Amino acid sequence: MVNGILDYLWLVPALPLLGVVLNGAIALLVERPFLLKEAGLPLAGGHGAGHGSHDDAHGASSHGSAHGHHETPAYRKLVAFIAPGVVGAAFVVALLCVLSLASRPADGRTFVQILFPWIQAGSLLVPAALQLDPLSSVMALVVTGVGFLIHVYSVGYMSHERAFARYFVFLNLFMFAMLILVLANNYLLMFVGWEGVGLCSYLLIGFWYEKQSASDAGKKAFVANRIGDFGVLLAMFLVFWTFGSLTYTEVFAKVPLLRESGVLTTGLATVITLLLFLGATGKSAQIPLYVWLPDAMEGPTPVSALIHAATMVTAGVYMVARSSALFLLAPDTMMVVAVIGAVTAIFSATIGICQTDIKRVLAYSTVSQLGYMFLACGVGAFTAAIFHLMTHAFFKALLFLGSGSVIHALSGEQDMQKMGGLKKYVPVTFATMFVATLAIAGIPGLSGFFSKDEILWQAFSSSHGSPFLWGIAALAAGITAFYMFRLVFLTFFGKSRMDPEVEKHAHESPWTMTVPLMILAVLSVAGGWIGIPAVLGGSNLFEHWLAPVFHPVAAAGAAHGAEAAVHHPAALEIGLMALSVAIALCGIGLAYFLYRVRTGKPAEIAKQWPTLYDVVYHKYYIDEFYEWAVIRRIVTISIGLWEMFDALFIDGIVNGAADLVRAAGDRVRRLQGGVVGGYAFSLLAGAVLLVGYILYRSVVQ
Amino acid sequence: MTGVALLDQHLLSVLIALPLVGAALLLFFPQGANDAIRKFTLLVTIADFLLSLSVVARFDVATAGMQLVERAPWIPQYGISYIVGVDGISLWILMLTTFIMPITIASTWSAVTKNVKEFMVFMLVLETAMVGVFLATDLFLFYIFWELVLIPMYFLIGVWGGERRIYAAIKFFLYTFAGSVLMLVAIIALYFHHYAVTGVYTMDLMKLYELTIPVKLQLWLFAAFFLAFAFKVPMFPFHTWLPDAHVEAPTAGSVILAAVLLKMGTYGFLRFAMALFPVAAADWTPLIAVLAVIGIIYGALVAMVQKDVKKLVAYSSVSHLGFVMLGLFAFNLQGIEGAILQMVNHGISTGALFLIVGIIYERRHTRLISEFGGLAKVVPVFCLCFMIVTLSSIGVPGTNGFVGEFLILLGAFKVQKWYAVVAATGVIFAAVYMLWMFQRVMYGKITNEENLRLTDMNGREVAYMLPLLLFILWIGVYPQPFLRRMDASVNAFVTRFEAKKQAALAGSPAGETMLVRYFDGKK
Amino acid sequence: METVLFILFGAIAVCGAIMVVTRKHPMASALYLILTLFAVAALFVLRQAHFLAAIQVIIYAGAVVVLFIFVIMLINVPEDRLPVERATTMRVLGVLAAGFFILESAVLARRFWMPIGPVAEVGTVEAVGRALFTDYLLAFEITSVLLLAAVIGAIALAKRKI
Amino acid sequence: MIAPSAYLLLSAILFGIGVVGVVARKNILIILMSVELMLNGVNVAFVAAGSYLGDAAGGVFAFMVMTVAAAEAAVGLALLIALYRLKETVDITELKVLKW
């Protein structure tokens, strides 16, 4: 027992899996018959057709609605205990493991636990093995920690949901997949988690499957992710046939060797990393595959918070950071990553300005923030990316949960134009959300400030960065501040624009929802303090913690880059910091001006530039473009292939061959017309020919 | 001979003969005793499955060659014998066959109500033929079993099928028969060639393996075998019998067709076409790989726009079998092991899909996607099963489909990068068409009144679906037991393939195989 | 002398044959057939095949043609119900082909070389009898079976009630 | 002395005329008679060849042919009678039950 608690690392993913099994059993054996009976539908085995109430509102979505009050069945309490319980336990185990890991010397902080050999075929040997190192420990803690809070929140949020147990099955399954993703010690196992989270995302987005838009969104998410996965798959093939292994440690250890021997050319590294990045764009909703994320808001709000803000969508960033050793070998890829990140950041921020659905604003904000993280990766600042990933997990989860609380209070209303003045109804929600908004806007002292500024600074100073990237990112930061405050002002301040009926029921959420909010608010404030940069007198603990993962590669791949950063004067760093804060404040000020002082102004602006407003409001028509350019095309081609090629051409040949035989038979049968004279004639003709032949032969001879 | 000794020494023969004996006994059942007939058939198939388990138990992992071999002279003056054996290549396909049979029989309980006795007799004869195909190692014996499969299947489609059953049955029969006749010619040619070289008449596959066949002859013989197997697989563009046969066949027929009959084609490639004619196989690889890749993409695209669930699944089979072919013609361990595993996977998941379709068809008597919608609410257990099977068909990690596809693409990627890249896009399309179908069937509101009265899967249906789901997850999570038993045989296959190829090339004038020379020259 | 007789009887045979196939009423045909058969019998005599010539007259002219005439009179097809012959393509082609066939045969016949020697007595009672009962005994016996079969067959077919 | 080819030519002509009768006539009776003509043509050839070659087989075969001709005539006419009872016709083109 040299490893102590670390030997129980397997419990971290195993506990949520246990939750899946237990909740699954409950969902299948208890909840299913219960719901069927409730809906008046026949049970298995066929007890005759039921004639239940099938009014549509009843089944479609009952979250937060004034749905008929059923007695809370006992099984729900059990589920409400198991589901967050297992995740909480996983968090505790993960925390203990990380503490145990932290007690080791810095260069020994990689722990691998091999569970069983998974796939073995010839030289391919992929074990099911977990790896805990600084990077995965950050991820594991964020995932289990935030995940636990969101599970607790869900208990309250989903309390009116009929398929309560099913929801938690999916949620626990997601935790399991996500933990496999971050704890895997090789690409293939990571890919299992990678697709697993995509699957859970699909299931949870389409949780209210009776809503067409929900199931559409789920499918869209899965397919967009699949396109990315295609890249990861190919990248894995290249990695395996180049390095002969898929295990992280083995792959990265071979990098210098293969680099020297010329096997791993820059071109090859570029291809591998670009393919990996394609996967990342799918999972982390970057241009061009970002379109699924806003639609994913069809899912329950805690799901949006957990999957589409805090954890799953950051998997792309994690993967890029994990593969940093490869990325640093491919400057072209780095540039692509940085540019895509920056463009996505500003592009989706502009879309966020005009959205009126509270969750969609947050969704575009998420896309934008993820762009930041990729910008950080692209300029080689992987630590900053992970740092921002973590702080973003806190405040974006908080924002989503807060919006969920608002939606909950308003019986499912998501349109900000029908909110306003909610401050007095939901004080806790307001306070916590305000903190998060400050954090995301980059107000000094809060977590978002430190992480975002780190990225901005790296974008400016790193060898991969440029002032241009900094400019885009800073501008995006300003826009972020603007639309986030727009959201806050529209929602909580001003006069109420609520439906009176809804207003009557407006209420603060139960403690299971508000306590997670408060905890996350604390984290949003304090979460950044572990990474205060040196220039502000901090010790940047976070960077030191991750140094064993990133520094060897930084040293090997881009040593000069790290040094170049050092040469910039501290004054410049502080100056830029101040500038970015100023930009953010401008954004806030503008929001205050437009949505508090001159509330009629936004509509005027929209009228002044109708085309621009229209384009931005419709998200630059990207969805429509994809629909037109890709989906329509493929469907048309497919129908063409089926009807023209398959049915007409191939079957035409096949049936044509059959028809040919039949037609030939039809002709040939005339020879046997059944008329005796005909037979006599053919006999004669044969005789003539035969004698002719004999004659011919005799003449020839 | 006592029973124990019989099982001990003639296990494989018993496996082959048992269903046939069952079919014979079935003839003594009175015409109307449907329940007894069903139970008896189920019993026979389960017994066969249990016996086949002991094949796995007695299978030696380290042996590459044929195991549990039985041989007996049959027509000795022509060198024809009865030889059966099992190795790592055929083991799992054999197991798949015996495994899927009881499940299929169980699925017919309420689906087949007319001529039950005849139906069951055909099913049992079919099982004998299928098991025989995978166990025979004498070409003549193999050919007999190969053709024997056609007859019961023809009747299953033609008698118990849907509206256009006659068309489908004849199309199925002629398509596959056209190919196998050519194969017969090739077998005879091979037979005489062996005689010409060694002076011995034999149809023993193991002896024929030892032959070094001149390159030119290989090309012709391979062409004949190729057609026979390509029709059966079916490879693009020989696939059009499949959608018709699947759509018209009764559920049990579709399941067997998808799970086992298609595998006969891919198995034939591996065991005969590739093993006997390595130079030709290598020579044809570009063509076959291109067809496989086209099949993958084409099948997926066409599946996407189908209106009939069964037809959709049928086209998805074209796509999946394209993967298998691509894996086989990678000629490396990963590709071939992946392909064999994928054969089993496809049998399980597509078989399960057809069962799923059958379950819903039995209740609604339609398979049109547009007739459904919102079923998830009324039939949750069905929905869960459907979901897992769908995921397996898509190849989501954790299910069996992933392991197979991954190994295939990994193997193919090594030798034919671009084919693998294009094939990998098939993974995306698979998600599109399966999920779209799933969404249209299961999600949304219930728009059709009739669907409200649907009943969920009953105990029997759950009972036969469970083993399939179990294997979907088992192979996905822990494929080692399956892969390990293939290792030795596949390894030996790959080595022998390369050695035989070189030997044949060395012994023939240059330029007879343009392609191989061309590609080898480029390296 | 022989040449003259050959040409005479040959011409009669050919003319009779032509009349057989060209007469509208079968009765006329049958009578011309007798003429032809007699002419052929005469040709047999010319080749010293007396026995065959006798048989030709007795069996053919005496039995077969009489049978024909019997049948013609038995069924007695009225004049107006006799088939109307029309020149269809096939018929014309058939006549042409037959002509061609004769032409071919003629050319072929001219190319055959046979020793022109003394007339061998092959058609006499003795020669035919010897050959029949030695070398061709089996064929002869089988012929008897054939005749029996024909007798039974004819009776069976022509009987009113079977 | 007459050349053997003269007999063969005569035989061919008789045979040919018989063929014309078989092919060109509709009346079954005449067709049957034409067949007799053809057989006679053959007989001429047999007898001539036999006598020129000095082989008794020629005579034997002519004898056989006559036997067969007698049998054929008997059966053929019996058929004709049966047919006439059924169809009331001797026109061969009307007998097309087999025509499909």
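In order of appearance the chains are A, B, C and D, and numbering begins at 1 in each one.
Please note the rule applied: a contact is a pair of C-beta atoms (placed from the backbone, for glycine too) under 8 Å apart; a residue touches a chain by one contact, two chains touch by 3 or more.
Quick caveat: nothing in here was measured; it's all calculated off a predicted structure.
**Student:** Taking the mean of all protein CA atoms as the centre, name the chain whose own CA mean is closest to it.
**Tutor:** Answer for the innermost chain: B.
**Student:** Looking at C-alpha means, what's the farthest chain from chain D?
**Tutor:** The chain lying farthest from chain D is A.
**Student:** How big is the gap, in whole Å, between where the Cα atoms of chain B centre and where those of chain C centre?
**Tutor:** Roughly 70 Å separates the two chain centres.
**Student:** Mind checking the centre-to-centre distance between chain C and chain D? Centres are C-alpha means, answer in whole Å.
**Tutor:** The mean C-alpha positions of chain C and chain D differ by 6 Å.
**Student:** Please tell me the distance, in whole Å, between the geometric centres of chain A and chain D computed from their C-alpha atoms.
**Tutor:** Going by mean C-alpha positions, chain A sits 96 Å from chain D.
**Student:** Between chain A and chain C, tell me the centre distance in angstrom, where each centre is the average of that chain's C-alpha atoms.
**Tutor:** Going by mean C-alpha positions, chain A sits 102 Å from chain C.
**Student:** Could you list which residues of chain B touch at least two other chains?
**Tutor:** There are none in chain B.
**Student:** Find every residue in chain A that makes contact with two or more other chains and list them.
**Tutor:** 677, 680-681, 684
**Student:** Can you pull out the residues of chain D that are in contact with at least two other chains?
**Tutor:** Where chain D meets two or more other chains at a single residue, that happens at 19, 23, 26, 92-93.
**Student:** If every chain is a node and every touching pair an edge, decide which shape results: line, ring, star, complete or other.
**Tutor:** Topology of the interface graph: other, matching no listed pattern.
**Student:** Chain pairs that touch, all of them, please.
**Tutor:** By the stated definition, chains touch in these pairs: A-B, A-C, A-D, C-D.
**Student:** Please output the residues of chain A touching chain D within their complex, sorted ascending.
**Tutor:** It comes out as residues 669, 673-677, 680-681, 684.
**Student:** Would you mind writing out the residues of chain D in touch with chain A in their complex?
**Tutor:** Within the complex, chain D touches chain A at residues 19, 22-23, 26, 92-93, 95-100.
**Student:** Which bits of chain C are touching chain A when the two form their complex?
**Tutor:** Where chain C meets chain A, its residues are 90-91, 93-94, 97-98, 100-101, 104-105, 107-108, 111.
**Student:** Which residues of chain B touch chain A once you look at their complex with the stated criterion?
**Tutor:** The touching residues are 171, 174-175, 237, 239-241, 243, 298, 301-302, 304-306, 332-334, 337-338, 374, 376-378, 380-381, 384, 391, 396-398, 402-403, 406-407, 409-410, 413-414, 420-421, 424-425, 427-428, 431-432, 435-436, 439, 442-446, 452-459, 462, 477-480, 483-484, 487, 491.
**Student:** Enumerate the contact residues on chain C facing chain D in the complex.
**Tutor:** Going by the criterion above, the answer is residues 2-3, 6, 10, 13-14, 17-18, 20-21, 23, 26, 29-30, 33, 36-37, 40, 43-44, 47-49, 51-52, 55-56, 59-60, 63-64, 67-68, 71-72, 74-75, 77, 81-85, 90-91, 94-95, 97-99, 101-102, 105-106, 108-110, 112, 114-117, 119-124, 127-128, 130-132, 135-136, 139, 143, 146-147, 149-151, 153-158, 160.
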